[in-house]
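Data first, discussion second: the structure below is written as structure tokens.
Order of writing sets the labels: A, B, C and D. Residues in every chain begin at 1.
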Amino acid sequence: MTERFEFHKPNRALQLYAGLFMAMLYVPILFIPLFSFSDGLYIRFPIESFTLRWYAELFERTAVLRALENSVRVAVSVAIVSTVLGVFAAKALARYRIPGRGPILGFILLPLVVPPIIFGVALLLLVSALKIPLSLYTIAAGHIIICLPFAIATLLPRFEGYDAAMEEAAADLGENGWWVFWRVTVPIILPGIVASLLLTFTVSFDEFVMAFFLGGTDLTLPLYIWGQLRIPRAFPVVLALGTLILLFSFALVFIGLRIGRRGAIKLVDRG
Amino acid sequence: MEESPSAARMPLRNRLQGVLIRHESLRGFLLLAPALVILGITVAVPFLLMSAMSLWTQIGFDYADDWSLRNYTAILTEPLYTTLLLRSLTMAMVATFVTVVLVYPMAYFLAFHVHSNKLIWLIIITLPFWTSYLLRVFAWRVILGYEGVINSGLMELGLIGEPLQFLLYSRVAVIITLAHAWAAFAFLPIYVSLEKIDKSMLEASADLGEPPVMRFFRVILPLSMPGVIAGTFLMFIPTVGDYVTPTLVGGPDAAMIGNLIQLQFGTINNWPMGAALAITMILSITLVGLFFMALMHGLRRWAR
Amino acid sequence: MKIPQMISAAKRGTLSRRAFTQSLLAVGIVPVISQVAPQRARASGTRHATVFTWGGFDVPELYQDYVEKHGDLPDFAIFGAPEDGLTRLRSGFAADLIHPCMGDIPRWRSTGLFQPIDTSRLSNWPDVIPTLYQAPHNLDDADGGVWQVPFDWGQTSITYRTDLYDLEGEESWDILWDERYAGRIGMLASGDDAWWCAAIKAGVSFDQIHTDEAFEAIAAVLRAQRPLVRTYTDDTSSLNQALAAGEMVAAMTWNSSAVELTFEEVPVRFAQPKEGALTWVCGFMMTQNAPSPDSAYDVLDALLSVSAGEFLTGDYGYGHSNARVLELFDDEELAALTLSRDPADILDAGHRSIPQPPEWSARMNTLYEQIKAGF
Amino acid sequence: MTQHDTMISIRNVGKRFGPVVAVEDACFDIRRGEFFSILGASGSGKTTLLRILAGFEAATSGAVFIDGAQMDAVPPHQRPVNMVFQNYAIFPHLNVRDNIGFGLRKLKLDRAERQKRIGAMLDLIKLPGFGDRHADQLSGGQRQRVALARALILRPKVLLLDEPLGALDKQLREQMQIELRALQRSVGITFVLVTHDQEEALTLSDRIAVMADGRVLQVDTPAGLYERPCSRRVAGFVGNMNFLPARVLSQAGGATSIDIPGCGTTCSIATKRLEHCSSDISLAIRPERITLHRSRPAAPAIAVAGVLRDRMYLGERTHFQIELEPGGATVAVSSSTMKAEALGTIGPGAQVWLSWPEDALIPLGNE
């Protein structure tokens, strides 16, 4: 590799800036775990005494666990549905000469640049016009809309990243479309699929605004948290819960992005 | 040579197969269909419904579907709506501008000065974006609060005698929170556009004796503009409609249009007005977006 | 195959198609095919009732009898304000019970979404304090039932810091309009409370509240207050936090804020303004097509029980509709909770809101939003 | 040619991608057991034609018959052809053994038979013991052999090869050419090779179709193409060729009288192929058919004077560039180095004479 002249020289000012930037990014988030160990009901700094009791209390609350269960159900279903649809759509976009490919891709990625409140409102209107009761299903339907762009954007580079001749070769060797898909396409794009599952799961798991409009009696975790934010005595428990969610999301996304490589970057590049 | 079976005598299955083989785009559309149908039903139809409803009027618990522009007239004439709309646009713009400016040097650093483990850096930078928005907003309450981290810290250091009040429940709080929450969205496209710049071209311009500062303004900045524009849009548009942040950290002067829309569908119970506000919001975002694009276009011409 | 192994295998590219298919089936397809909605096993075989209420009313302590009978808590849905809840019900949300206040009853009844409650099915009904439900619009003429079972009662008043707020003279609504403390006053964001309290402050008689003059007078009072307000919120947590921190010296609150802050040893008092506080009675209404009415009756009975009342009064500081609950507390304790042995003492001393038509609510809410936004 | 001998029949096949015409009215047959090449520059439509044969592209017009059966509605996986892809398309998630055995799933063989067949193919491609390697552990040549084995194990009627040697370096390419030819002889399957390398096509093929701009220009044996190109484009594509502008003076009987401007010579040649009406034509002549002289030769009737401009020593042969008249056309001459040495040391600027046998001139239209 050739020496990249000045870019190989460390730039002290930029390094300092990068350090500050990362601190600003993470410090606020780290206060959630920190205060989840505080004994007091109110947030006061510095923390006087530490406790684990909020975590213990967390596991006694059936409502939390139920909300967690609901969130997982919704997120798993959304992740699977949007990834499956994403695989088909990404394959079509990457492999076939489709008239109007640009506008179609734009339409699919549209939910990325529409405020979620608009989707929440619009879908609420649709659902109530059709007299569909609000439930976890309606939340899931809403989440699929915002997860599809993420799934497609993660999968599309995967499809574009390998030679279409692989699939042709499999067809040429006597496999029909379905078997080509299972024997060649899926194994090759598997990292993309796993990444898409993880990312869409996380997006759905954390989504609040659409769930707020589309949720019924069964609460997802963010809805539950929103309800609990108003109650002072519930509050430290919410922080404990938030800490666990943070840990969990971090783990999932880290794995997802690592597997999916540059999917997320490509995505924004297109947007 | 064998007689080829005539089309009519072929079983339907084979005929369909034949059609699919001959028409590649048809195969593509079949694969796309599930995604497009779902998006069509969940995006296009509700938007039409929303447009229709925005022309109705709420009377008590019922709608009068007498098709009038009453809601829009109210939005345009009553200061409440115009103020909130303008404020939302302004605050989103300020937050976006601040974020893009803060994020650019970081993206530059990562694109040009980091040579190994870029992926890990990228993951670490984007990680917070994937975690609960609610909790991130919440974290800022902890920091900006009256007895929050900043105030306690400054008091401890003896720099202030009394907690700063403008930190929480203010527009500043909303802008800081938005900037933090959306940093990743602005960061990625800028980074990608910087990363794409051919480094050898920069070496060439250095060879020609251009000083680094000029090189930045004449080569790097213009080449990264598409990323800056993409980042601006990706952050600006969703933030205009945000209502969680103003609710949690904004005070009376920081309410945004999203709050009002949400209220129309809740406490105020005027869905047609809510629909009209939502549509107005989309239209004004579009207008601002077009204006921004025109501005950028003009700037690029002028710079040439 | 365990998920971590699957992921690392996927990274190495060694995961076989069959293993992947199996994992996929295991992880996801089953829940997708079965159902998204939770299917909780019912000990009693009946469906749980869904209770649509404020956050904080979903705690096990209030539903002990129900849990004993059904083995688990009922389902909950949480609203920020009852009006949000009504909107949701109207958009097809299925709940059995919802928790509005007395003044809402006629308007809510007019939606046709509710059914009268047969009090003979409630074992605790004989203990319910009659003054809390004997309003003409609450009694069902046809079969003697009620539209709303009263549950909690209390006041909307001012919680102020006794150490930070320098009270001059008597406690009065003027505390929330005190210019010495500009920027350190907290207000409830919901018009249901704020508007009526402002009417008291403005001296508007509640039976005149629908008039244009009343609207103007109340709006003027609220506009005058706006520069003093730190924030408008319905979020008790924020108000308590701000009062505890001294960020606010006084705020419009319900009983619970003062009680909870006192528990935390914050020096506060729940004011008894000389003009009278806003008093309210809230309770539960049953929806017309309640999915599981039998369970809903069990919920109501549990809510009316003494054990629920003891918690509601002792921990939240709200009055409870069961007369026997008051016997558990001595006069001093009740006074500390700003409650009285006879609810009428409190309720009649203050002002109770009067039912208003939906148009009035819409006008009031819109106007209050404008005022909060600075117009 | 009887129908029995025809393996592939391409009938008026055309293919357009939107407004772009990739293949136009292709019409030729490929014989059973033949090593057939489609030669053309990139963008000539040769790969598209091959993909139409494999079934990856549907022809916009015309029909394709393989072994007598019409293929238009037959999807790729049901066609009796197999293909070796340009970059070999070795499945990255499978090892060599599974790559080669990929197509055997449908035959429902038992394990032993399966392994036997794969083992036989590994031997055939001289890679025994490589069965457990992954695609990324193989060299270019090895990949190519695996791709061949993977296609041949299904005993197709036709093997299609899309630039199979393009990714290899020169030495390996020459070695693989020999092996490929030997393989084709031993398995006796019809091979259809697509290439842009005329030398490769000439070396390997029984017959060649030359394509340019989507059209098939000529289908002939290598010798036929080399010696009797039917157009200037074909002539330019196959081997080196000099083109001299010329004018037809008269045509009578079997003889045509042609004037080559600038050399003051009128020559008559016997030809049947001069069918164009225009009198301006080109005379094509291979560099190796031209003889170089230091003085005007006596023997051949036609001799042209020129000035030596350049001389390149290429080992076995030596190349010369001769300018016929100042600023005019340049002619390339290739002569064996032995003969060139006999001319003595002549350098640039020297006056030389060119001569050729009469049948070396190929008159071609100026299209």
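The criterion applied here is as follows: a residue touches a chain if its C-beta (ideal position, glycine included) is under 8 Å from a C-beta of that chain, and two chains touch if they have at least 3 such contacts.
Quantities reported herein were computed from a predicted structural model and do not represent experimental measurements.
Participant: Taking touch as defined above, what minimum step count separates chain A and chain D?
Facilitator: 1
Participant: So which chain ends up closest to the centre of the protein, judged by Cα positions averaged per chain?
Facilitator: A
Participant: Which whole number of Å gives the spacing of the CA centres of chain A and chain C?
Facilitator: Distance between chain centres: 33 Å.
Participant: For chain A and chain B, let me know how many angstrom lie between their CA-based centres, rounded off.
Facilitator: 16
Participant: With chain centres taken as the means of their Cα atoms, state the distance from chain B to chain C in Å.
Facilitator: That gives a centre separation of 35 Å.
Participant: Taking each chain's centre as its mean C-alpha position, how far apart are chain C and chain D in Å?
Facilitator: Here chain C and chain D have centroids separated by 86 Å.
Participant: Counting only residues that touch at least 2 other chains, which ones in chain A make the list?
Facilitator: 42-44, 97, 124, 183, 187, 226, 229, 258
Participant: Using the touch definition from the top, which residues of chain D touch two or more other chains?
Facilitator: 55, 75, 92-93
Participant: Which residue numbers or ranges of chain B touch two or more of the other chains?
Facilitator: Correct list: 24, 145, 147, 265.
Participant: Please output the residues of chain D touching chain A within their complex, sorted ascending.
Facilitator: 17, 54-56, 75-79, 81-83, 85-87, 89, 91-93, 102-103, 105-106, 150-151, 154
Participant: Which residues of chain A touch chain C in the complex?
Facilitator: 40-44, 62-63, 66, 69-70, 73-74, 76-77, 79-81, 124, 127-128, 131-137, 140, 182-183, 186-187, 190-191, 194, 216-219, 223-224, 226-235, 255, 258-259
Participant: Name, in rising order, each residue of chain C that touches chain B in their complex.
Facilitator: 80-81, 83-84, 86-87, 90, 110-111, 183, 190-191, 226, 229-232, 241-242, 245-247, 357-359, 361-362, 365-366, 369-370, 372-375
Participant: Considering the complex alone, what residue numbers of chain A touch chain B?
Facilitator: Interface residues on chain A, with respect to chain B: 4-8, 10-11, 14-15, 17-18, 21-22, 24-29, 31-32, 35, 42-46, 85-86, 88-89, 91-93, 95-99, 104, 107-108, 110-119, 121-126, 129, 141-142, 144-145, 148, 152, 199, 202-203, 206, 208-209, 212-213, 222, 225-226, 229, 242, 245-246, 249-250, 252-254, 257-258, 261-262, 264-269, 271.
Participant: State the interface residues of chain B toward chain C in the complex, per the touch definition above.
Facilitator: So the residues of chain B touching chain C come out as 58-61, 78-80, 83-84, 145-147, 163, 165, 168-169, 251-253, 255, 260, 263, 265-270.
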